[in-house]
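Listed below are the structures to be examined.
Heads up, the next two complexes both have chain A, just with different partners, chain B and then chain C.
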Partner chain A sequence: MNPIVMALRGLYGVWLREITRATRDRAQLIGGISRPLIWLLILGVGLNPYFRGEVYGEVRFVIPYTYLQFLFPAVIVLNIMYTSIQFAVSVIWDREFGFLREVLVSPMPRWLILLGKVLGGATVATLHGALVLILARFADVTLSLEQVALALLLMFILAFGLTSFGVILAARVRSFEGFGVFSNTVILPLYFTSSSIFPLDPALTRAQQAVTYPEWLVFLVQINPITYAVDALRGVLINFNQFAPAMGVGVIVAMAVVFFVVATIDFARQ
Partner chain B sequence: MKGGRNRWIQPAINLLITVALLTTLSFLPPDTSLSDRQKTGVLKLCVPPSYPPLVTGDPQQPGFDIELGGKVAAELGLRLAVNTLSSIGTDFNPRNWSLTRGQCDIIAGGVADTLQSRSFLQTIPTPIETGWVGVSKSGQLPAAGGSVVVLPGTSGLDRLKLSGWLRQQSRQVIPARSPQQFAETLASGRAAAGITERFLTAGMALPEGVTPFWLDEAQFPRFRMAFGLWKGDQTLKRAVAAALQRLEAAGDMAALEARYHIETIEEAP
Partner chain C sequence: MTSPQPGPEAQSLSAIAISVDGLSAAYAGKTVLDNLTLEIRRGSSFALLGPNGAGKTTLLNILSTLRRPDGGSARVAGADVVRQQTEARRSLGVVFQDSSLDDRLTAWENLEFHGLVYGMAPKRRRERSAAVLALVELEDWRDEIVRSFSGGMRRRLEIARALLHEPQILFLDEPTAGLDAQTRVRIWRYLDELRRARDLTVLTTTHYIEEVEGADTICIIDHGKIIAQGSPEALKAQYGSRWLHLTPRDQAALEAIQAARPDAQPLGAHGLALPADDGAMTDAFLATFRDRLVEVRFQDPTLESVFLSLTGRQLRDRADDQHNADKAAGRRGGRR
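For the complex of A and B:
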């Protein structure tokens, strides 16, 4: 058999295993539903009245969207973050129960095995992100087919980068318990400092932003790569960017490339 | 083969349940804005005293926005209550208009669907377009160094961009506080031309021979006029938007445009 076809069949096999495992796992799907429900239906609706203003012109939340619309792309990123980074559990599982050893002795190159796993994780994470799109009607976000297609592409590249990041984390954490705690200390700070739940008004200068928010918070938001991922999705889904639109796409692609290269190096060492 | 097919049944069921659940939840009302109006039976529309042809002050032909508001209210099974507030448009800062949620469900009669408007309100565009227009006898603005009287209006057009452009073109700007002052400045010859918002010219007594013309669209894009609703009133917004679509499909919108002689963008102003 042609070695390229063999490699592709191996890649498909590893990818399919990840997909099958994730879609059969009801707990993962429940997580994929519960996050958008908590963040959009409860937090979004709960805080919406505080961002609407009671007097025309008095609204402090000066972005041309409602809070639910503003929050909507961020919840997609949150779902992708959780699913992608939690995917590392599958790597730890495979390592602990010997499956990884069996795969590693196959003729497939290690980077290809990792690519199959990461593609599988990224596909599942994109699916979880896409579940949030079903709630677009609730958040009053009108989407065209082009917007959905572009958003799915960005979501997949982001999921690819974050899944690779999960593999990097898994290489440094040896137990399931440790990973659970570690992943939460990574995901939640990254999410909260990504301008996901409060805006950095693009009309304000850095000095003006420092009046609204403490400078250290503005600094954290600006150095957080997830900020630019959320911003890129906001650009596509609600036509609102806080930074240059190309910057978000650039950061997402850079994350995918850099994290996959580092993950490949780590994976080769295992 | 059969085993391979069976392998996907469980994941497919899981996914279908998930999608069905989320789809069902997406129909939950995110707020009480529509149900509150239905309880009171009244839809409150806030307008300025005059903004022809959108608000005329004439009981026989009250204006495009008022008649449209009445039709929307009827579609929703509500009674329209028009609140004419002289504070609307008195200041470029809408905060000084003192419009509150208690007074208005919808703000109309001069709200343009611009970024600035959408910072404070959520908007539903109507078919009517607005933008910056120049007015002069020659049909163009004077050369660099010439004087231009400017009445920015309050519909939410980008006044900062306009003032920056005028500075860049080295034109002398004479600010006007009212349509009357705008027309007087033009008539006195102190300004060779004027710049204002499209519909403000409709209510002015412009000097004879003066004609309005659009400013360059590449520099100054035109915007739709809109109904402005409070941010967060999602259910009311959806109901009003759906009612407007029904009115458009039934031809009521076109009939109103004809009744108020609102020309297409090519023919106007």
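For the complex of A and C:
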């Protein structure tokens, strides 16, 4: 029998299992829906009027986007981050409850098993990100089909990288309880320092950034890879970039490659 | 992939399903397997018997390529477990000590997953899945989520899954621990049928004596070493003792027998037990006392007594064991 066909069947089997499990996990789906609603409806709508270049009644700079529009791509990234990194729980689960051995004694090579799992996790995370896209009209974001396709592609590559990152975390965390704490101390700080809820430069021109925000914060934002992922999605969805457009794509792809390679090395060692 | 034509030597070796040569393993500085060597014939039922911590599971993990040996080598179905892992895994079906089913999937989905991972074509997957489900009598539960299954049903599904890709060799690690006697008997009946029909080799580890009575070969291991190996009968003949249980007609007969045979042990209120390994002596005794006995019965040696005489201890505390198995099942059931 053709070994490539057999390998593809195995890959499909591992992927399908992740998808089936995710569709049966109501809590995850509820999280995927409620999270963007909270961020956009409450935070987005609440802060929308304050997002203006106005200080003491004097207009300092003109901002061409509403806060909801600005926040919208970031909420997609947030949803992907949560789902991807939570994916580590599935890896820990397999390990703790013995299912892992069922695949480890199968003829599938380790890296292929991991690829199937990560593709499955990334698919679920991308779908959770896409749930936010449904709210586009509400956030005053008009999208062409082309924009949606490009955004989905970027979202998937980002989800692939973050899911691999989740696997790397899983290899270092021994318990579910530990992981809960871990994921919150990883996801939220990364999200807040990714220029997701505030622009790096209030004038959106980069002219006054260091003046307006303390240097340490600007530094944190600039070294955070999520910053560039959010920026890439903003470029596609609302046509606004704070950095060179190629930079965002480059960082997303680099994360996917590096994290997957590290995760494979980790996984092979088990 | 093409494999070279087997030479005459390889052909004669193909009667051997598993060969283990000088295998050693250590865990945290403690020797778990100590220079272990054994051979298992194709189509045989081979049982590894030993108390917990004897090294049974470690040996099984090495043979199923989950763990590398620290010394020596092992081959399953002719494939080296370190250098030819993929070939070795392809020929193996493994049932682990703890459940390794995905209990958020249905019985059918678990089988489908297994078939895909072993690269089986869609038609063969469907046929085999239906066949193995029927084998373990779970057809009516094929679309039920495994979480709702009892321990026995899970075990049966797991055995069905291990047989799905028609392996040449089946590993069963404590396969029927925590199962009721009826299910245990039924599972062994399936496996014996398969062994006859398909030349399947079955390697079982257990600490339940009842489970190994039907095996062709029993290998007793303790502290990572083989201490005895042979058929159940051979082991009993070699290491066990036969006893004659008898009830004398009256007190006078009892005293007469005790006088004639000082090695007689009292048994119950009125009975006696005589060592009966020496056939001639036993015959002579019976000829003399036949008319003065109410009841005579031979007690054959049991594997339990064999194990006891070889290791100097009981296999383990049964009640405690059952308790732990229940506790583990309850914990899994609760959290999943």
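Going forward, the second predicted complex is superposed on the first by the 252 of 270 C-alpha atoms of A that agree within 3 Å, B and C clash if a C-alpha of one lies under 4 Å from a C-alpha of the other, contacts with A are read in each partner's own complex, and residues count from 1 in each chain.
We take it that contacts are C-beta pairs under 8 Å (C-beta built on N, C-alpha and C of every residue); 3 or more make two chains touch, one makes a residue touch a chain.
In this text the structure is predicted, and so the values were computed from the model without any measurement.
Participant: Using the touch definition from the top, say if A:9 reaches chain B (first), chain C (second), both or neither.
Facilitator: In the superposition, A:9 contacts chain C only.
Participant: I'd like to know which partner A:41 touches here: chain B for first, chain C for second, both or neither.
Facilitator: After superposing on A, A:41 lies in contact with chain B but is clear of chain C.
Participant: Taking the superposition on A as described, I'd like to know which of chain B and chain C A:195 touches: first, second, both or neither.
Facilitator: The answer is neither, since A:195 touches no partner chain.
Participant: Determine, under the contact definition given at the top, whether A:97 touches first (chain B), second (chain C), both, or neither.
Facilitator: In the superposition, A:97 contacts chain C only.
Participant: In the overlay, answer first, second, both or neither for which of chain B and chain C A:163 touches.
Facilitator: neither
Participant: Which partner chains sit in contact with A:227 here, chain B, chain C, both or neither? Use first/second/both/neither.
Facilitator: A:227 contacts neither chain B nor chain C.
Participant: Report for A:24: first if it touches chain B alone, second if chain C alone, otherwise both or neither.
Facilitator: Once the two structures are laid over each other on A, A:24 reaches both partners.
Participant: Applying the touch criterion given at the start, work out whether A:183 contacts chain B, chain C, both or neither, answering first, second, both or neither.
Facilitator: Neither partner.
Participant: Mind telling me which of the two, chain B or chain C, contacts the most residues of chain A?
Facilitator: So, of the two partners, B touches more residues of chain A.
Participant: Looking at the overlay, does A:105 come into contact with chain B only (first), chain C only (second), both, or neither?
Facilitator: second
Participant: Check chain A for residues that touch chain B in one structure and chain C in the other, and list them.
Facilitator: In chain A, residues 20, 24 are touched by chain B and also by chain C.
Participant: Looking at the complex, which residues from chain B come into contact with chain A?
Facilitator: It is residues 7, 10-11, 14-15, 18-19, 21-23, 25-28, 30-31, 93-101, 104, 107, 115, 118-122, 228, 230-234, 237-238 of chain B that touch chain A.
Participant: Name, in rising order, each residue of chain A that touches chain C in their complex.
Facilitator: Spelled out, the residues of chain A in touch with chain C are 1, 3, 5-7, 9-10, 12-14, 16-17, 20-21, 24-25, 97-109.
Participant: In the complex, go through chain C and note every residue touching chain A.
Facilitator: Residue list for chain C touching chain A: 1, 64-66, 86, 89-90, 92, 94, 96, 98-102, 104-105, 109, 112-121, 161, 332, 336.
Participant: Using the touch definition up top, name the residues of chain A that touch chain B in the complex.
Facilitator: So the residues of chain A in touch with chain B come to 20, 23-24, 26, 29, 32-33, 36-37, 41, 44-45, 48-49, 51-59, 61-68, 131, 134-140.
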